[in-house]
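In structure tokens below, several structures.
Two complexes come next, and they have one chain in common, chain A, joined by chain B in the first and chain C in the second.
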Partner chain A sequence: MAANALPAGFSSPPAPVRRRRHKPDWLVAYAFLAPAAAVFAALIAYPLADGISTAFTDRAVAQSGHWVGLANFAALFSDQIFLHAAWNSLLLTVSTVAVKLVLGLTFAVLLSQKMPMRGLIRALAFLPWAVPGMIAALSWKWIFDEQSGVLQYLVLQLGLSDHPIYWLSDPNIAMVSVAVAMIWQGLPFFTMMFLAALASIPSDLHEAAAIDGAGMVRRFFAITLPQMRGVIAVTVMLSAIWTFNSFEMVFVLTGGGPANRTHILPTLAYQYGIGESHLGLGSAVIVSVIPVFIILIVLLTGRMLRRDEA
Partner chain B sequence: MVERQRTKVIRRTITALGILVALVWSLAPVYWVVVTSLKIPREIYALPPTLIPHIPTLENYRAVLFESNFPHFVLNSFVVAVGVTVISAVIGALAAYPIARMQFHGRSATARLIVAAYLLPPSLLFIPLFIVLQKLGLVDTKLGLILAYLTFTVPFCTWMLIGYFRTIPHELDEAARMDGASRLQTLRSVVLPIASPGIAVVALFAFTHAWNEFLYALVYVYSNDSKTFTAGLAGLVMGDTFIWGQLMASSVIAILPILVIYIAAQRYIVEGLAVGSVKG
Partner chain C sequence: MASVSLSKITKSFGGHEVLHGIDLEIGMGEFIVFVGPSGCGKSTMLRVIAGLEEITSGTLTIDGEVANGVPPGERGIAMVFQSYALYPHMTVYDNMAFGLKVSGMAKPEIDRRVRKAAEMLELTPYLDRLPRSLSGGQRQRVAIGRAVTRDPKVFLFDEPLSNLDAALRVATRLEIADLNAAMPDTTMIYVTHDQVEAMTLADRIVVFNEGRIEQVGRPLDLYERPRNLFVARFIGSPKMNVVKGEAATVYQAAMIGIRPEHLAVSAHEGLWPGKVKAIEHLGSDTFLHVEAAFADEPLIVRGRSDVPLRQGDTVHLTPEVGKIHRFNEDGVAFI
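This part shows the complex of A and B:
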């Protein structure tokens, strides 16, 4: 603009000494973001799009497939194994998240009390969080072992049952066993999140209520819980995503068996896509749940960013 | 007063009992792994099971360390995890800085995308990523596995570091900029040194994630040369017989590095969880 405003024939003076020795900020910003953008584009966005389109093909591991429209989805929705796996996924997620929520609140309140060696006790209570999922799964497989497992022995010995219990080979019981192991693994995350939230509740709120004569239980429901609402929501949603997708517990404990009765969607996607080399069908299993994740992720993203900017 | 005293005692007793239950619940499975790893086969399958090994032995450890591929798998895990940690800390720091500090178009959309990518579960990506790695010829290589882990650790590190960078006073960068430092110099010599505790925590999380991960390892690497320990353990489990003593000894060996990290950084881990909602 400024240059255009100069009268014709007026030779512009030599470019002034540039005060800003730096490149424009936005250019630098994009340059800094470039490597992350490359990872995102090549390893997340492109594969995701490719995976979605694969769900509409009969692609196998060794060959690129043909477009088959909705055939994979049609096959899935008349496939008892798929429907059962979807149901198992839902049941497992809802039940374990609910139990983790209640136990996590309880443990957090317990661990927030004044006590000797509190740091050590907390560290020990959080230990399952530090155990690699694969190893957590292995240790529970050994505990649930139907011949030599310690649980079988305890249950028979304490007279809780007069016959051996098929912890992992009775499909109904196996889902409960898997849930127990997943609760063990996932509980410390809830406890840690809630402990941090408890610590951030101003103590004068509690003191004021105590002076007004509110008992402990009353204070918990009237002050503690409402103050923790945001953290509880984020924790539950995060855990729901992770639980729905946790693969190794089911894979190691039951492998989806017996008779494919204990599959969850991720293990079924693995079995169809990789185990049976039918990438199209495996992708379809995954694509069928993507809408649920989009909703959860959008909800959570908003919440986490708001908290981040606060 | 007496009443007060009594409720206090009751409250303390309930708390103590509750904590005892919590500790037994958390520790018993880990204890059982360790004890089993120290037993001879006959005792492992003996009824009643023994709470403390009658004939303690390191035989399982000897077998795992000197007669199996397990040390090699652990080494592979280590190489992959270190690679992932370094790459994602660098990319994450570079990406977090402009989002925390600079004005540009699409800043909030970028932040949103990063959180969304971090939340994207591996089970959605494992099949399509397999196809990508296949095209790149990187199936069954450590490099391929590293690339796969970046899908989680890069968004994660970026997001955590945005939070850490925001805690550093703006005036410090501005002073450096006035002195003529470029953005890259400012990041390197002002922001990074101050944020180094945060970077250390983020790096530990990235390492732990890569160390523990199982699904990608199971699908993308299968030869002994590139298998990580989680995939290696799966190979042992999928056989028909379980050598529980050796499996448990392997587990103890594989937990150790994470346990060291966890003990050393316990305080920061809890803080980090509160800041960034780290995967549990």
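This part shows the complex of A and C:
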């Protein structure tokens, strides 16, 4: 055998590696996940289950209530306020996410260019993300204030309008005002995610495409966007969930009024459950959209897992 | 007419000049290889020609027209990147077709060109695959195919084989040689670290050092008649031996250089006695590292299999007549 001809030091076969018979990996994974699962069960699953079950009762604040089956849901689906709030929620989510997507892409592309004071400009662009939600909402309330607000002052001074505009009390304008504030608040997340995604696209792809004759616009659609697809999908879905669930902007700016015309589902749930002390109905408002969320979350995690495997 | 002409080209990155006035005329259909140590500016030179880097000063003409400021896509060039730079989300077919689509070529003509290139590079079975499901060698061929379909006037390669294993490197090197033969009017500029690629592929080799050209010439000219010590030491593997002092003075030079294969080895008689410090058996060749009193570093000598030697043996080396390279104190060769 050839091995016998090898000089000393090469000839002794390597000692067999003794393999410890180990447990399957998933068992270990479960062992490590157990504490987190316990905390989840105590802090999230229990209240969640409690909340869901409340939706099937006529429970009021400080009362235990009785099982009423689907009565709360039946009431909601014939309730114009609920239907209108659901529509508002959908409209607000879709429109603000769409605007944030377009603006976020634009800002990210602009902020990824070389320019003087880029660090400072980036920091400013991310600032709204750092402002606590309630403080942001109160600031916007002041901006939109119809008597003494900055916006009213500017509009009248600059002569853009000869009469005051009812930013928050005209229900048609109010939804737009709320949307603007929410876009301002949520845009940095999009910009940040997209900036990171842009930075991870290898520059030689752009160079190859430039040599292939593609100009800036062509490169954006042929290289940049397809390379960002995964990040865009995840960002949009996360933001859709957060936006749909966000409460304080509408609550602070309009409180759902005038005449319940600007409610979204979270503020309506609060109004029914706490404001009108009808916890069962309030819970039912939230529970009624759980199926939508389940679909979104399945899409989202599926997307993330697929990227994981790629 | 020159296909690519560089005149006093300089390139600076933020005030730091990395190319210091490059002059070079490249003829149509020539295969030019850029070599030089890491960081000497080979890639930068290539990227300047491609239009990926702006020219700081000087004039670049491609095919008779000034190319300064012309966008890369309009220079009639194609480039093969070291990283391949394939579009990850496009199939092999679309990778090769992209440039043609951008140029607005008709679909049937695109199809014809892509299939022809795929045929030539044996990529036909993979046309519907994404790059990530290809091996390194296949990816490299797609990158070459993408360049071929554009039918460029000038073909640029930046170390295209450096990510391949040794066997694949040889195979792909031969393919590139075939490609060059099949495209006689296409000028090729090729950056490499590999001596063999440079020697076998090049019509002319350009030796760069610290942002300047040290010498331009046919491979064997550079090997046999290096203009200076840098080129002498850079071209050839193992390196040329360089000896200073008395042994050089004998030849009326400050330094002399002698290649490993031009030193005769004998156990008993010869000009320079020395002691064998190490022996490297490469199969086809045997190299001896010989310590000699007059040389600062051990001399590398191509040994002979019929002269059995062992470490510690005393040997005598004799340089072959007419194969000694003579240099002055500045390292410039006496021709």
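Here, the second predicted complex is superposed on the first by the 269 of 310 C-alpha atoms of A that agree within 3 Å, B and C clash if a C-alpha of one lies under 4 Å from a C-alpha of the other, contacts with A are read in each partner's own complex, and residues count from 1 in each chain.
Quick note on the criterion: a residue touches a chain if its C-beta (ideal position, glycine included) is under 8 Å from a C-beta of that chain, and two chains touch if they have at least 3 such contacts.
Computed from a prediction, not measured in an experiment: that's the story for all the values here.
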Partner chain in contact with A:A269 - chain B first, chain C second, else both or neither: first
First, second, both or neither for A:G256, with chain B first and chain C second: neither
First, second, both or neither for A:L138, with chain B first and chain C second: first
Touched partner set for A:M193, first chain B, second chain C, both or neither: first
More chain A residues in contact - chain B or chain C: B
Contacts of A:A210 with chain B and chain C, given as first, second, both or neither: second
Which of chain B and chain C A:S239 touches, first, second, both or neither: first
Which superposed partner A:G104 touches (first chain B, second chain C, both, neither): neither
Chain A residues contacted in one complex by chain B, in the other by chain C: none
Chain A-touching residues of chain C, taken from the complex the two chains share: 50-52, 71-74, 77-79, 81, 83, 85-89, 98-99, 102-103, 132, 146, 150
Residues on chain A engaged by chain B in the complex (per definition of touch): 21-22, 25-26, 28-30, 32-33, 35-36, 39-40, 42-44, 46-48, 50-51, 54, 106-107, 110-111, 113, 115, 119, 121-136, 138-143, 145, 147-148, 150, 153, 157, 184, 186-190, 192-193, 195-197, 216, 234-235, 238-239, 241-242, 244-245, 247-248, 251-252, 265-266, 269-270, 273-274, 279, 282-283, 286, 290, 293, 296-298, 300-301, 304-305, 308
Sites on chain B touched by chain A in the complex: 11, 15-16, 18-19, 22-23, 25-27, 29-30, 32-33, 36, 44-45, 47-49, 90-92, 94-95, 97-99, 102-105, 107-108, 110-117, 119-132, 147-148, 150-151, 154-155, 158-159, 162-163, 177, 180, 182-184, 187, 208, 211-212, 214-215, 218-219, 230, 233-234, 237, 242, 244, 247-248, 251, 254-255, 258-259, 261-263, 266, 270-271, 273-274, 277, 279-280
Contact footprint of chain C on chain A as seen in their complex: 202, 204-205, 207-215, 218, 222-223, 226-227, 229, 310
